[in-house]
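Should a chain be cited, it is by its letter among A, B and C, assigned in written order, with residues numbered from 1 in that chain.
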Amino acid sequence: MERLKTVGVERFVILAILLAGAIFLLVGCLTSTQFATFTVQGVATGMAYGALALALVLIYQATHVINFAQGELAMFTTFVAWQLIQWGLPYWGAFFVTLAIAFLLGMGLQVAVIRPVQHRSVIATVIVTVGLFILIDGVVDWVWGGEFKSLPQPFGNGSWNVGGVEIQHLYVGMTGVVLASLAFVWALFRFTKLGLAMRAAALRPAAASLAGVRVDAMLAIGWGLAALLGAVAGLMAEPTTGIFLLPTFMQQVLVYAFAAAALGGLESPIGAIVGGVAIGVLQALMIGYTPQISSQLQLPFAFALILAILVVKPNGLFGRRQVARV
Amino acid sequence: MKRSIPALVSVVAVAGVLVLLPFIISDYNTFLVGEVGIYFIAVLGLNILTGYTGQISIGHGAFMAIGGYTLAILSRDHQMNLVYGTLIAFALCFAAGLAFGLLALRLSGAYLALATFALAISVTQLPLQYSTYLGGSLGVQASSKTDHLFGWSLFGVHIPRWSLPGPAVLTNKWIFGVAWSFAAVLLVLAWLILRGRVGRAFRAVRDSEIAAVASGVERGLYKTLAFGISAAYCGAAGAIFVMANNGFAQPDEFNVALSLTLLIGAAVAGLGSLWGVLVGAAFVGLLPNISTSIPHLGGHQDVIYGAAVIVVMLVAPSGFAGLLARLRLLRRA
Amino acid sequence: MSALLELEDVEARYGPIHVLHKISLAVEEGAIVAVLGPNGAGKTTTLRAISGTVRRSGRIVFAGKALGRTGPAGTARRGIAHVPEGRGTFAELTVWENLRLGAYTRRGSIQADVNRVMTYFPALAERRRQQAGTLSGGEQQMLALARAFIQRPKLMLLDEPSLGLAPLLVAEIFRIVRELNEKEGLTVLLVEQNAHIALQAAQTGYVLETGKIVLSGTSDELRANDAIRASYLGY
């Protein structure tokens, strides 16, 4: 019989550290307007990282596979949004249509290329996602290659002045949209029969089958949701990556999402979000205060940090220690 | 696992074909097949890790980078020749692989993969940070004096030279020869390692970690060893890679895409077949380049390559080795 | 009258290992039928063959219709609830969520049913919000039964309900099973190593050894059989 600890000493320590971090940020924001600006920016971009990280976690929880194509899929759906806008849809109309398309696309991909291999070989499934990565890159280049494109600003260029701190509408908007998506997904899992079935299918597929749950269908829906979250991440992250919509814009985000998922634990949705925000804030503060460390060093620094954490906690900060049933 | 006569004949046949190839096919294609040789060495190494002990790495490009830069720096600063340089790269990367393996011992599955990813990203950024010694984004160039195989002068000890006739610039035939010569030697080495106790221990680690522990196999030792060996092979491949790149070791050449390419090669190869490694190396070495030469699809080779990777995995999830195993079962029935 | 469940020449394998050899048995509606036998006889495999968890050949007819190649999710929808080895509960979910999942195939409100189920399992009623993994062994077995029962199945397959439980708890579990059978008309096919208590609850029984049915009959007949008494009942 598995005895699961509800709250262990370890969790308490981690929560304490996070609380200390949050207090540090709060104090910093109150004392320095510069600090506050960086923090707001960091939280916003961190939200985007967290959304993509959550997509990775969703798929990992269900199939124990890291979906390497998650970022490129998000990039693809962002281009789809651009196309819809070209065809006359207003930004937010295109936004929601894109989410629907992303959901269907995610489901379709799972059924078409993942389902045939997911039960046979983990590495084959991983390589299929790598192949998808390459394929999507090629398709985007084929369909939308050529001159540079740009997306309209979802929240405009304005900002609010709060106690001397310039808070851009964009950052507030990003945070709001991602939070709304997260709330939607959370509610789905927590309160609906479908969400429960999906959780069951991810936890114990054999037992779920016996209760009448069609596990394969649940996995497909999981992929659809992950693609939807990825679409949100892509659309929200894009304005922060520069003037033009470039096909490479999600690659950096994917790397940070990996870092967030590793940090927070691949089995923990909350960990993914917290990890994402943590990395976003850390990144913003580093760029802001130590620009002399060349921008290329942020990434290895982030990863060195994560490597260090993984050595101490092999399943991430929020990961459960795996009890191996011998 | 004794090699039967037919297998030996096949090996000799392939070796024969390889020897003749540079004289039959075009110069550019010779270069391509030479690159396949480089991938062969790297995929052989990665396959020892992934195929035999089941640990997935998306960071072995980092070891190629370390090997490549080692060679370039030794050549630039000490005029070391290429064979010794490659051997030192091999040894250095073995140590680096052991170190990483020890560090990552507690990690498994996806977390290990992410840790290797972290390694790959970090290592390739180092030259940009320490640009004076490591050359920054332009990289390090091997000295053009080192186009000979043996012969080296260090600390006043002079070892006689052994030059191959030819220009100072490394030709495609030369690369082909060096790559496949090293590949042959390293293949024999791998075969020797895998057929013995070490190989059995590796398989035990892959098939059941728990059973392996129970049967007294020092799991940690063999996991780490697998990392070391695979890193060493990638280091050697990296060194030859730099030679093939006109002696340049540059950060862009060793990016994450390279690590993913190696992993694709190892997956196409499959678990536990050395023939599979040849197929895997040919797949990642030739396929992306072949599609560029087909006129209608010009420029869309990524679509072809990506689709090919997916199709191959759907058809043969256990790689070429899996196909071979299935064929053997059919033949028996 | 044809039985609720009929197995005809059913065979099952795990890869190359042939586990069930042409099994035939029948379960009448409203009955409790026991399958006895030693470890490794194939009792668990028999239940798995019925629920479709394992591939099988031969004919299985349930409520007049052949089961064909349906997998576990399909057979659950048809009205067969399988409580497997290991209970099939979700340790990470709460008791309430486990029950909710049990009712997955049901449409409409299940609140009335939940209340009814709780009258049979009072111990669970107080622990609705508790994580299933923190329940005791006996409570987990009860949860497994409750989860299966709330599916409102026509047939329940029980795999070794007494496993790992103290005698008092085993008696309690079997009391509940008999109650469900008498009051709710639930048909039960159970597999047990504890022949004594199984024959007390069941009306008919089959004895399985190395994948073959070697004996069958009413509980009284089996209890009177010398070989059974020697091997399985210990006297």
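One rule holds for everything that comes next: a contact is a pair of C-beta atoms (placed from the backbone, for glycine too) under 8 Å apart; a residue touches a chain by one contact, two chains touch by 3 or more.
The model shown is predicted, which means the values in this text are computed figures rather than measured ones.
Enquirer: Looking at C-alpha means, what's the farthest chain from chain A?
Expert: Farthest from chain A by mean C-alpha position: C.
Enquirer: Give me the two chains with the most inter-chain contact pairs.
Expert: A-B
Enquirer: Give me the ID of the chain with the smallest distance between its Cα centroid and the all-protein Cα centroid.
Expert: A
Enquirer: Using mean CA coordinates as chain centres, what's the gap between chain B and chain C in Å?
Expert: 55
Enquirer: So the centre of each chain is just the mean of its C-alpha atoms; given that, what is the distance between chain A and chain B in Å?
Expert: For chain A versus chain B, the centre distance works out to 33 Å.
Enquirer: Between chain A and chain C, what's the gap in Å when you average each chain's C-alpha atoms?
Expert: 43
Enquirer: Among the residues of chain B, which ones contact at least 2 other chains?
Expert: Nothing qualifies.
Enquirer: Out of chain C, which residues touch more than one other chain, so two or more?
Expert: Expected reply: no residues.
Enquirer: Quick one: which bits of chain C touch chain A in the complex? Just the residue numbers, please.
Expert: The contact residues of chain C facing chain A are 51, 53, 71-73, 76-77, 81-82, 84, 88-93, 97, 100-102, 104-105, 131, 133-134, 137, 140, 147, 151.
Enquirer: Chain C touches which residues of chain A in the complex?
Expert: 1-4, 6, 193, 196-197, 199-200, 203-204, 206-215
Enquirer: List the residues on chain A that touch chain B in their complex, please.
Expert: Checking each residue of chain A against chain B gives 60, 64-66, 68, 113, 116-117, 120-128, 130-139, 141-142, 255, 258-259, 261-262, 266, 294, 296-297, 299-300, 303-304, 306-307, 310-311, 314-316, 324, 326.
Enquirer: Could you please specify the touching residues of chain B with respect to chain A in the complex?
Expert: 50, 56, 103-104, 106-111, 113-115, 117-119, 121-122, 125-126, 128-129, 210, 260, 263-264, 267, 299-310, 313-314, 317-318
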